[in-house]
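I have a structure here, written as structure tokens, and I will follow up with some questions on it.
Letters A, B, C, D, E and F mark the chains in the order given here, with residues in each chain numbered from 1 onward.
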């Protein structure tokens, strides 16, 4: 958050295979597997419904109303990356449109997560380049002031270190530290397996009250039924 | 709003047939028929477009970050019910996901109205289980503290008594007291009949100014036309 | 903003052909061509995705909770107009629904831009009558107090003079003064031509850093690369 | 919430002596004594700091932009009452100013709680007539549409029944059901007594960790100290 | 709103004596005298309580994060002016601090109204230089991009033409067109005279119901009293 | 942000003397000296006006609705510290009141910065224990779930590492990395010296336009004066 004007070219990316596994679980399951930490604020919303991705973070620290560093970041993108952009102050300008999306896609980026605004959302949707942002705005930006690329940033209330795994879908965005990706993927897989079984039981009409054996603890907590 | 730790098993549900009639009119027409009271705050939004439902309210009072009572509520659901959930404090957590939706659907619930967040929205959309909420969040909840089921609650600014009829669509959510459902359905039907006729006139180019005979009252109020 | 109770019948509309040209460029490109002024606040959102329109402004100044003037405005609509409605105070009521939309469409209106709420959004979507608003609400309005038609209004933070060209799409809404429409269409066309060329280069993997010759100014500004 | 156009003249007010006792405890202590229910949303703020009151609720249901019912309510005020005003829709208009405050004060009202705006706040402050509101606005209101007096209302998210005790200070506003006022005053007094003792211990440097015997449960929950 | 890079040196200021008269009435009374138009949005708040001013508007159009034009505006200030500053996009930066306030005060400015943030608020309060803003922020601004001085601007939702009279106090900010200042001062004086009389009556216990002869219209509207 | 259930007892605090120097400069000057980074979001507001402090950060990561860790943090406080508290999710509950303030003050804490709510604000004000928070709420919290003490946290959008210097006043809150405190104090002192001189010139009527030699760059940027 404190370093302006630098680009770190070598970052330790989370393991690619483990990161890829995370995509299938989605943000809610991964967030549970993390022990309920790592979630960005829910004001971040996808520009279209249905995208569900995971990738390794290339981070960008932007100045308000200035998207110069997104061009610098493009060169640092490797296939499988997700660009995570923070701004040094509140800004809802449209930092990113179809031209940058074309460039990011050509470099192999899977998505953009930006704590600001985007534009050309109809075209981005047609291109199927997923973006999570806090605003949509036709207002463009200039290219005049330095920020940084691949420094730790705070995006939508969450610290992101370059190389962290990012998991995003319609439910939100979770940040998984690079060192923990394999373990979290394992934990998420276990949760998922259990859920399939539960879903079948619930669909057959079995109540959560019975499936989770909640009646006794509820009574112990003092729940009273009144007829 | 003041009673924690109780579940009322016997509630007086609004007449089923009259409640069912309300669905076709939608929230805006029913709200007019009510005399313009009974509407929840417009920050409540559907997770997908196009759902239009009516049902009888099973109410839930939840604690922040805790969805225990939704499981207790599941047992109280009868076919045709809509679960209406309030929280004792502001909370945007994802209280409800595809597992609970599976259970609610198996019990015959038609929808969930929740003054908090939900998750698994892509799956809920595929399941066609409609939810109106004020947030979407991957953040799950715990099961530790008692709330209540089938007590009067305030949801999105509106008082809901168990058994009230709930009408919800893309325009919002209206609460109809159980005792008035038949009368309101009647009034809504009358409005609807009038509207069809008006629609045809307006489509043919007749102005509202003439159709509603507004020119005289406008002039009386002092409206001046300037060429 | 200061004149209540008047309807100006003769307004100088922006050139129709030039206004029509603006639609194809969309809000972001037109906003750039304007020199980055003229954009309404980004809290204005379309009721459905994908609409992209341009038209000449018929303005309406409404009172809170009262849509009387929308009926007065309907008579002033000419084919190719866009109705732009402001309110004298904050209000999220549903001022506009399918009946008024039927009337506006019959008069040749292309869209409604309203700094308040709308309703019947499912039907409006089926009718393909595009609306940009700051809220959706089932709450209807009364017809009791005079406002004005075709006076200058402030809508979502932007001054709109009757006859101005309005350009709106999923990115937002831009207001182009009537006298500048032809020049802005020209400037937008030039931008668009350049962008097509750039898009091809970026898609081939050329970086913005090189295409825009940014490496030298970035170095001059002090950007440091760290391996 | 559903009844317009009525004034209930006879309401069962909470016991006056018990209500008066509540004032000294303040909102936070009374809220704890209630079991953490009954608090209005924290967006309600006092117009000046330092007021701390309790009184019995005379409720008012207002229409947006219309303060007619506040005049009707004035007649129902008895010494020791607090007027609690809700609106049938979101509105930040200034419903209440120094004239109404003069009238309310002459009738013996202790405060106004209003889920809307107020004005003349400098004069109200000089008069020492405390108001909690969600907005301050110079915008006045009209007197044209009926609401109700002394019906149950939802104010800032909380149900208020006429005659309930209201406790308000800089921390917020708590609603105590009339039937429970004496018991809650008793519980609050006990909490208060305990707190004085604790305050002295903490001021002497004793840690909450020891005073509340938290070290063991923290260790049991897994807290690790790292040097 | 559309003109960047210009400074109008000659503006037609509202009559000084009439403008000065407005200060004593305050924003609420002047707003009523205006027929309830001209009020800025209530999110604009004074940095300290109790200031009540009127003056003639020198307008400034600023770029986001850039306060260059405030220095250009300083030269255009004449004794009795109020600087009204708008920004071309949402921004909460601290555009104005004690240095600029020193300069503005030396030039004879009476206040600043800014649709953005300010800083050094403790010192500004000690200097008794009143500011109404939508934010307080320590974040400073740069001096790099042109805006304009003395062009029409939209500030907090209201159109301000250079030379308009501005009235501001704890209740908000009202804009009075230069040509109407004398008439509005007259109308406000009449309102004020009536209010003093009413205040005495209400203080003596007479009800608004009787003083305003409301009982009959209330009954006509259908108000029912229930014992 | 990712570590729950740990307390780091040994942190490297910023140099005490250099940190103490920062207090006199205030948040705005220190933020400038930092190169305009390090500022928390402006929604953080002091509970009373006029406090201006600096100290070394003891950080706390809290769970929603649970203030257990504030008691754990109290033991880690050393004279001259400022407690900086973040929450793992949005929460406006009143985590901190006069009892904890008594304990913190007894331990030598200078202030609390909390990205949530506080209560007992009247008493805290009388105690002159300064708190910056995003909300005031009478709603208390429980003591049930582990968070952490002295781990890096994101508070109001800014990363805080334990031991960082915190500078807070009415303008906001700035975080200075421990290693840079002496250098920043030096830079701030230089700015301050220059400002005193400038203030005298501006007070004498010299314009910023001349003092900062802006006329030429403004003309070069194309500013036009119109008479």
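Just so it is clear, a residue touches a chain if its C-beta (ideal position, glycine included) is under 8 Å from a C-beta of that chain, and two chains touch if they have at least 3 such contacts.
Keep in mind that what you see is a predicted model, and the values were worked out from it rather than measured.
Undergrad: Among the other chains, which touch chain B and chain C together?
TA: Touching chain B and chain C alike, sorted by label: A, D.
Undergrad: By that same contact rule, can you tell me which chains touch chain A and chain C alike?
TA: B, E
Undergrad: Applying the document's contact definition, name the chain pair with more C-beta pairs in contact, A-E or A-B.
TA: A-B
Undergrad: As a quick test, compute the distance in whole Å between the mean CA positions of chain A and chain F.
TA: Measuring from centre to centre gives 28 Å for this pair.
Undergrad: For chain B and chain F, let me know how many angstrom lie between their CA-based centres, rounded off.
TA: 43
Undergrad: Could you give the separation in Å between the centres of chain D and chain F, each centre being the mean of its C-alpha atoms?
TA: 31
Undergrad: Using Cα averages as centroids, what's the distance between chain C and chain F in whole Å?
TA: Whole-Å distance between the two chain centres: 41.
Undergrad: Would you mind listing the residues of chain E that make contact with two or more other chains?
TA: Counting only residues that touch two or more other chains, chain E contributes 36, 39, 89-90, 92, 139.
Undergrad: Looking at the whole structure, which two-chain pairs count as touching?
TA: Chains touch in the following pairs: A-B, A-C, A-E, A-F, B-C, B-D, B-F, C-D, C-E, D-E, D-F, E-F.
Undergrad: Could you please specify the touching residues of chain F with respect to chain B in the complex?
TA: 64-65, 89-93, 139, 144
Undergrad: Mind pulling up the chain E residues that touch chain D in the complex?
TA: Listed in rising order, the residues of chain E that touch chain D are 26-28, 31-32, 36, 39, 42, 45, 49-50, 52, 169-174, 195, 198-199, 202-205, 207-209, 212, 214, 218, 221-227.
Undergrad: Taking the touch rule as given, give the residues of chain A at its contact with chain C in the complex, in rising order.
TA: Chain A residues touching chain C: 5-10, 48, 68, 71-72, 74-75, 92, 94, 97-100, 102-103, 105-107, 117, 119-122, 125, 135-140, 143, 145-146.
Undergrad: Inside the complex, what are the residues of chain A that reach chain F?
TA: Answer in residue numbers: 1-2, 4, 34-39, 41, 88-90, 152, 154, 157-159, 175, 177, 180.
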